[in-house]
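Scrolling down, you'll hit the structures one after another.
Across the two complexes that follow, chain A remains constant while its partner is chain B and subsequently chain C.
Showing the complex of A and B:
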């Protein structure tokens, strides 16, 4: 049983259909990317998963069935609109929210010590939340999401306001949690983070899932028939090449339908060309995202 | 500990240490303390325990009986002088604070002269007149002497004859219902105001969505209401204790007769309590709804002030209520939500409020409170995730079309 199974969910607010038809499943122990342009229906989908809204049609199964009060303690959620009590000390705020997730005060305190240390927030524990920088508040929010060791984490834009060092810290944490078997749904617009972290994705556009599956398979699916080549000297004329383009010293060869990358490689070797780089051109998630969304708009 | 109690405890701890709550908690004790203290100071300024002289040309005080002195007062020493010259000399050397001269024809004219440089203390004047009375009545049987010195005994009756006041006005026990009513109004406005601020705060802090994935709405609302009840009880108990202490000090230490042997009209107190409970629920639910509806705390406070004005309308109509405690206006204000509590408390001083009006008031306020709870739950559901946006009243009443464009989508 997958931790999350979403089947043909529909949700409208009056005349606006926020989610028209979305289906996907999230497997245990994976980082799953929930992607889509602004206003695509991602947040509404998350709120439907978490039972904040009820779907008009379709079903949501979370941790093996409908949402219950007991299940809430097994889920960590960091919403798009960050929420911490601004007028109280960071430590007290996180302790309170942790006890609401079912942790005892002793256990919450013990875990909080470790996380504050890890995220370099120990010195700021007594400061009011509003006195912390945006980046610190973001780290505090992440601590709040993971402190009770949930088996399912839903996290919206985890890298906002983080510098490269803290971004790496959060990425390491997410990978560590995945390795421990935690399931993570990550909604983000930072496509390079998706490429680096996500195992599978769903792309939502105008309330519908338009792309869903294993990230590598999707990239291969959208790779087309192209290779990236860098050689010493001049690239000879090659048969079966449709177009040639250059970028930062690398040549991109778009191949004809009946020409394979292996054919090109064989030709280059036969021509005694010294190769510095030869790779099959796979599009970035960002390119796929733009292509799919633009196709949808057409 | 259940989540409901965790919310209640955290909310309570966060609010009771806020300056606004501490100020509200101390406001009534400070007001009482200030009033009693000022009264005590004024009273002590008017007292003077120095001896008082007298020249008795009438022969009334040849072998005088002592005055009856209130146990809380120090007896004044009365010094006889043979001549006014001796008395004046004693006055100028400040051995006495004043002296009285009883004329030779005092028995016929009751003429008595008081000579002083600075007005004598009220205690000295009072004790001297008692001294004269006692000695004038020395030949009378004790019961007649006692009755005569007790003076006149006027009984005041309310216009409809349903209530009587002993001497000079209502007793402290008779005005307790109105004190309780006003205290409850302040209490429910402060506590429901805190509840409203709590909800607005959750919205402003964007914590609502996080909380909704940790708690049920019932646990969140129930916890906050429990916290408010706790804060209200803390205030009420503090105020009652300070009030009792003030009465004890005023009655026993300062010797103010009005505060001595206070007796409570329990029936009237119960009536006030019966109306106060649904009023509390009504105000809290409305403030909760308001908190869910508005975008900012400042906006909520402005609207909340209007509710406070509704509660104190009877105070502005106090003359009409005194003139006709059972008139149409009094009855209408007793039945209406918001105005009922103070009106009934106030009318109870001057008349017996008919039971049907009390029952009607409780019923009307209970119905309104239930409606307000429904309104609050709808406003909460619709408004909890609308950060920085105001919810219109028409939307709460179920016109879903209007809601559609407002809920944040992505």
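Showing the complex of A and C:
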């Protein structure tokens, strides 16, 4: 049984249909990317999964069935913005929210010590949350999400306001949790992070899932028949090439249908061309995102 | 259960650790006590506590005063008044000098023609509405005894010519019970009994203040949690009913503490008041009134604080808090106004009776009627029953409103939307 199974969910607010038809499943121990442009319905989908909203149609199964009070303690959720008491000390805020998740005070304190140290927030524990920088608040929210060691984490824009060092810190934490068997749903606009972290994705546009599956398979599916080449000297003219484009010293060759990358490689070797780079051109997630959302290439 | 306790504890400690809350709740009562304490110390220089009654049941503070007897009437000082507390002076000039040096607190001038006119002059330096209005009964008593050639027993009879025992077949108002205090002997207590007739008004004000304080804390709490999105986290951690119960009890206790502080300050001021404000120092509240008061306070708080929490759940932002507070508090305010108007004239008329049974106005109007007295037990029990039912309904309805559908809607607050959400559980 998958930790999350979403089947044809629909949700409207007045005349606005926020989620029109979304289905996907999240497997245990994976990092799953929930992608989509602004206003696509990602946050509503998350709230439907968490039983904050009820779907008008369709079903959601979370941790093996409907949401219950007991299951809430097994879930960690980080909303995109805020979600912490602003007027109280960081340590007190995190301790309170951890005890509401069922942790004993002693256990919560012990775990909090470790996380504050790890995220370099120990010196700021007595400060009010509103006195912390945005990056620090973001890290505090992440600590709040994982402190009770949930088996399912839903995290909305985890890298907002983080510098490269802290971004790496969060990425390391997410990978560590995945390796321990935690299931993570990550909603983000940072496509390079998706490429680095996610095993599978669903792309939502206008309230519908338009792309869903294993990330590598999707990228291969959208790769087309092209190669990236960088050579010493000049690239000779090649048969079977439809178009040539240049990107940062690399040449992208779009091949004709009956020409394979192997044919091109053989020709280059036969011509004694010294190769610095030769790879099959696989589109980035960002490129796929634009193609799917803007150009309707589904 | 443990989550409810966590919420309760957190809300209580957070509220009690706010500087502004501490200042308003405990700083002001302490300041009032301090002011009265300083005044009473300043006044104690010219006063002492003595027993003036013949039956030794009453102890009051008596200031040292003087007199200038131009009529030559005073030959004896009544035995209830120590002679060193009423000092004779040859003339006004000497008396004034003694007043200026603080030797005496006031003095009397008995003019030569006193027997014809019955008038004497009382010179008191601090005669203001907020301070002691003197103890002129001392001179009245002294003159009475002397006019009767020192016959103290006859003076007692004239002072209190009949020992009236009244059997009232109608239910007795509470302040009439206070009036049963023994007034057969001279002293300020009987005069100060007039204050107890204001008890219904004072109780109405206190209840209004306590309920609004607690429920205002709740509406601010909920709407701020909603605004900073903590509510979304809380909903995934604790059941709405646990959250609401924890908040209700936690903030209820938090608002009860300043209530106790103000009542304590009032009690201390009353104790000090014997010498400063001439207030009744032995004022007591009947136990039955106290018990019913607590019952109506708890139920009134539960209903109104829950309603406030519901309004907080509907508020899209803190800016609309005043409007929402006003909408919720209208019934209580109506009850308060009726209590004020009816307390003196027709406390058991049709309107006050109906409003004392109606759950939203009962906490104020019933308490007003109870302090006056004469409320049939069935009416009290009916009001309590209706309030209990209302409290249960409102707590459940508001807990239902603590769903994201409502919390995250972002629509503007309106009384219509609120009523619909409360009664039917939908927006």
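The definition used in the following text is that the second predicted complex is superposed on the first by the 295 of 298 C-alpha atoms of A that agree within 3 Å, B and C clash if a C-alpha of one lies under 4 Å from a C-alpha of the other, contacts with A are read in each partner's own complex, and residues count from 1 in each chain.
Heads up, the rule we're going with is that a residue touches a chain if its C-beta (ideal position, glycine included) is under 8 Å from a C-beta of that chain, and two chains touch if they have at least 3 such contacts.
The model shown is predicted, which means the values in this text are computed figures rather than measured ones.
A.B. asks: Once chain A from each complex is brought into register, does chain C clash with chain B or fit beside it?
C.D. replies: When both complexes are placed onto chain A, chain B and chain C end up clashing with one another.
A.B. asks: Given the touch rule stated above, what does A:41 touch, chain B (first), chain C (second), both, or neither?
C.D. replies: Touch status of A:41: first partner only.
A.B. asks: Applying the touch criterion given at the start, work out whether A:54 contacts chain B, chain C, both or neither, answering first, second, both or neither.
C.D. replies: Once the two structures are laid over each other on A, A:54 reaches chain C alone.
A.B. asks: In the overlay, answer first, second, both or neither for which of chain B and chain C A:96 touches.
C.D. replies: both
A.B. asks: One more residue to check, A:12. First (chain B), second (chain C), both or neither?
C.D. replies: So A:12 only meets chain B here.
A.B. asks: On chain A, what residues does chain B touch that chain C touches as well?
C.D. replies: Residues 13, 47, 50, 52, 69, 72-73, 75, 77, 79, 81-86, 88, 96-97, 99-101, 144 of chain A touch both chain B and chain C.
A.B. asks: Please output the residues of chain A touching chain C within their complex, sorted ascending.
C.D. replies: Contact set of chain A toward chain C: 13, 47, 50, 52-54, 69, 72-73, 75, 77, 79, 81-86, 88, 96-97, 99-101, 144.
A.B. asks: Across the complex, what residues on chain B touch chain A?
C.D. replies: Answer in residue numbers: 1, 3, 6-7, 10, 14, 201, 204-216, 385, 387, 400-410.
A.B. asks: Which part of chain C faces chain A closely enough to touch in the complex?
C.D. replies: Counting only chain C, the residues touching chain A are 3, 6-7, 10, 14, 225, 228-230, 232-239, 403-405, 408-409.
A.B. asks: Chain B touches which residues of chain A in the complex?
C.D. replies: 12-16, 18, 38-44, 47, 50, 52, 69, 72-73, 75, 77, 79-86, 88, 96-97, 99-101, 144
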